[in-house]
Amino acid sequence: MDSVQLAEKLRSLNAEAVVTEGKQFVEIQIPPSGLYSLARQLKENEDTGFDFLFCLSGVDYGHDLGVVYHLRSTKYGHSVVLKSRTSDRVDPQLDSVADIWRTAEFHEREVFDLLGIKFTNHPDLRRFFLPSSAGFPLRKDFVDDINIVTKK
Amino acid sequence: MRSIIKYLKEIVMAVWSLLKGMKVTGYYFFQPNKIVTQKYPENRKNLVMFERFKGEVIMPHNEKNEHKCTGCGICEINCPNGTIEIISKSILTEDGKKKRAIDKHIYRLGMCTFCALCVKTCPSEALAFSQEFEHAVFNRALLIKVLNKPGSQLMKGVE
Amino acid sequence: MFDFAPLTKWIDTVLHNAMSPFWAVVVEMLIVGVLILLFYALIGLFLVYAERKVCAFMQNRLGPNRVGPFGLFQTIADLVKLLLVELVPIRNADKFLFNLAPFIVITASFMAIAAIPFAKGLHAIDLNIGIFYVIAVSAMGVIGILLAGWASNNKYSLIGAMRSGAQIVSYELSVGLSLITMVILAGSMQLSVIVEGQATGWFIFKGHIPAFIAFIVFLVASTAETNRGPFDLAEAESELTAGYHTEYSGIKFAFFFLAEYMNMFIVASIAATVFLGGWMPFHVGNWDGFNAVMDFIPPFVWYIVKTFFVVFLMMWFKWTFPRLRIDQLLTLEWKYLLPINLVNVLIMAFIVLMGWHF
Amino acid sequence: MEEPVKVAVDENQEYVINMGPQHPSTHGVLRLVLALKGEIVKNVEPHIGYVHRGMEKMCESITYPQIIHLTDRMDYLSAHINNEAVCLAVEKALEAEIPDRIKVIRTIMSELTRIQSHQLFWATFGMDLGGLTCFFYGLRDREKILDIFEETCGGRMIVSYNCPGGLMYDIHPNFQKRVKEFIKYFRKILPEYDQLLTGNIIFQERTRGIGRLSLEDAISYGVTGPTGRASGFSCDVRKHEPYSAYDRVKFNEVLFSEGDTFHRYLARMEEMRVSMDIVEQLIDNIPEGPFAVKLKPVIRLPEGEYYQRVETARGELGVFIISDGNKNPYRIKFRSPCFSNLWVLNLISRDFKIADLVAIGGSLDLVIPDIDR
């Protein structure tokens, strides 16, 4: 399946999803509400079969917080990028995909630790690296006068 | 009966595999010429580091106590973790113009990660790596070094 | 052949002439005690050095080479360090048992050395059940290890001690059985008689196949009994950091350390005595000239050379093999060594009965 | 890190011990909270973050050439491959044409890095199982590769040899000769490794059938590298998405289906042979050309998202760069192989003994700074 066909197929999966063909990967934008069901479809649909989540990154887009999922199918060898973002910075919430891809459980914990995105239905959402009193350092508005030295 | 033979065969094969391993260690035990240990402080004299070995950043001076550093500050900008600090002064050239020149090229060895970006990006090739590797000192302040020697001057023809 | 018996007899008579029998015995005991203590310390220090050098050469290294010529005084320097090091007090540890444990371990190995014949007429005590005595006494060390693990109030130590308990209890069986195989051949348990019985040929040659099997089994089982690699599960530094002696420091640790090496020396000397003819020189059939040359070498040297040969074998094992797992360790004992041993005892008894040995 | 330890099982029944952060066989500051029943491991909970340096945050304020020297410190055993990943990402974003010479040299260096990493794995794995001699033999032979690195790059472990657009320096004139010498030497030494460890009955008993990882779990947990390939997960980026000069060499992906500790070990041993084959194919055919292309002095990536995958010695390293057109990345994410590989530890070591846990942990070949970043 080439990227055009894949994009067609992905468009047919979910009406809410915005599918674009990027330079490297086919990209899907999905609002948080449809994230979990689309993720499950991506894994379980016969033609897509994205069973390998090879990268999960949290991104602070300025006013939005988002998560980028890089998926690959070990059967077909094609990849897709799934993106979801929320504009709530105080209590950002996204659905956890930990029960679809087990590796997501730990990547999501990392994202929670560094960006403060709460993943609902996550089995064990605790911080990894930092004490609970620390803020969320990967957010762009994070300030730490002691440890961050900015070169003039 | 077959199970007894299998049992005995198992034992023989196991012992054989163990003997093979003992052969290796036994071989090296009787090969003192294969010892790789270097007696370090004794062999200091004939211990030669590779010419590209990144020991510490130095500023080569010629015999007239001249270096090539113009004080442009590119190494300072390129250094990822603020190892280098350049304090410049302005001097009067022969034709009476004011010119920026280096006063102190401060290099903090304790912070250096030996990424070679300063040496690589220096436009006048004023910096280099020395092969010195014995950096241990008792006082951390000694790790802060001034690379240009006192009274040194810019080499002629370097802009 | 040089005999120590006249010398010891002479000392005995001199002492008896000089003082009352009671005090003579006390002085004799003191002399023997001090001599054994000295021997113990010297052999212990040398063994530690030898182990370091042997493993270093096997691993393409030089080993200790800084203190003294060829690093000979390295272990002495280490001993001085261990004596000066702080004895770290352990909170919530059972103080009495914690301090007692190293002494039990070292006493056990100390007692075993008493029965070993070093040369003709040179042993502290010649018991008529010498072999039993040595087996019994050397098995006592495990109590010290169990106590150390329990009293340290450390979870790793406890696991190490429990492993050690299971290990020594089962391997004691194989050690005993393999020695019994040789007792059948020798017809006595007295160590001096066993050695004398090998004047015409070492038991490992005399008893041919069963004796050889017994020797191998004894080597494996005694390596396990002394908690040395590949059976060093009680210490297992990659699993339990240091096992039962994790919490010990200074001289108390040195006791464990020394006891380990002395136990190795003791089982090696038992092996040398029972299988390799003790202080008996090596003789070949009718080569009279050769035999005369061999006789010229003093018996004590023969004994030391044989013992260190076995010690070297044990070091060779340790520095070659990976460690076993606890269940594999027990499998090895109960599924392989024990049945082999039992069959071996039967074969040996049969051979002795039929007079098929040399 | 600061939260109280969550004990996943009833404390009245299980014996909870703390393995690490300072423990000889966790290979760094990894802390495992074990729930034991006798000797049997019932639950393993890894606690990480003892060497967390905030690398991703640091990268947001430095330029791309400066990022490269930071990546050395992630997986310090495949430092060169980490460098290459960032360089490839930057070059891909700039659409820079990279001469063949650079590609070939990078490939050779990557494979040498892989060999030395697997040598260290062999050394430490032997040590984990109690065979201390392996450690010295492994390090002895690794030294030879480190010397090659030192001669060409000036660094031994932390090489910093790549820069966007090429290499820092050209290869040393002795490079080809020494690499060939090494390969000749190491081909002779490898059978010795097998005699000492692979064939050893104790080693086989300790590793065969221990810690089985099924293919489904490997994919679901995102386990890559030799660890994943031992379970039959074909995940070699060199094969699936060839970068640098991997498209011009012939090599086989090492695949096993058993997925136990022994085959994870075997996969690495085989990979050393494969890597030597790759180096042998390339070492005599290094094309002539420049060792670096001139890029702009200040590298600014065009706005967009870039993802580059490479195969390090431990698995798939992904570099995900979001650029807003500045000289610093807006967001950079390193998908490090060890981070994903670590979490199968609980799954596969349950119901095995402590000694097996050490063996399984060793066979995952974790590098802790790569987990924490």
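Labels for the chains are A, B, C and D, by order of writing; each one numbers its residues from 1.
Assume a residue touches a chain if its C-beta (ideal position, glycine included) is under 8 Å from a C-beta of that chain, and two chains touch if they have at least 3 such contacts.
Fair warning: this is a prediction, and the values are worked out from it, not measured in the lab.
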{"item": "Chain labels contacting subunit C and also subunit D", "value": "B"}
{"item": "Pair sharing more residue contacts (C-beta pairs) when A-D is set against B-D", "value": "A-D"}
{"item": "Nearest-to-centre chain - CA centroid comparison", "value": "D"}
{"item": "Separation of mean Cα positions, subunit B and subunit A [Å, integer]", "value": "41"}
{"item": "Intercentroid distance (Cα basis), subunit C paired with subunit A, Å", "value": "64"}
{"item": "Inter-chain centre distance, subunit B versus subunit D - centres from mean C-alpha coordinates, in Å", "value": "24"}
{"item": "Per-residue overlap in subunit B, given as positions that touch at least 2 other chains", "value": "18, 21, 24-25, 36"}
{"item": "Where subunit C touches two or more other chains at once, by residue number", "value": "58-61, 319-321"}
{"item": "Residues within subunit D bordering two or more other chains", "value": "133, 140, 196-197, 200, 202"}
{"item": "Touch-based graph of the chains, sorted into line, ring, star, complete or other", "value": "other"}
{"item": "Partner subunit D, residues of subunit B touching it in the complex", "value": "13-14, 17-18, 20-21, 23-25, 36, 50, 52-54, 78, 80, 113-117, 120, 129"}
{"item": "Subunit C residues within the subunit B interface of the complex", "value": "54, 57-62, 65, 316-317, 319-321, 336, 340"}
{"item": "Footprint of subunit B on subunit D - complex, ascending", "value": "62, 65-66, 68-70, 133, 140, 143, 147, 150-155, 158, 160, 163, 168-169, 172, 192, 195-197, 199-202, 204"}
{"item": "In the complex, subunit A residues that touch subunit D", "value": "22-25, 51-55, 57, 59-60, 68, 70, 74, 77, 81, 101-103, 105-107, 110, 114, 126-133, 137-138, 150"}
{"item": "Complex contact set, residues of subunit D against subunit A", "value": "1-3, 6, 48-49, 52, 54, 56-57, 61, 217, 219-222, 224, 233-235, 240, 304-307, 309, 316, 318, 320, 322, 331, 333, 335, 339-340, 342-343, 372"}
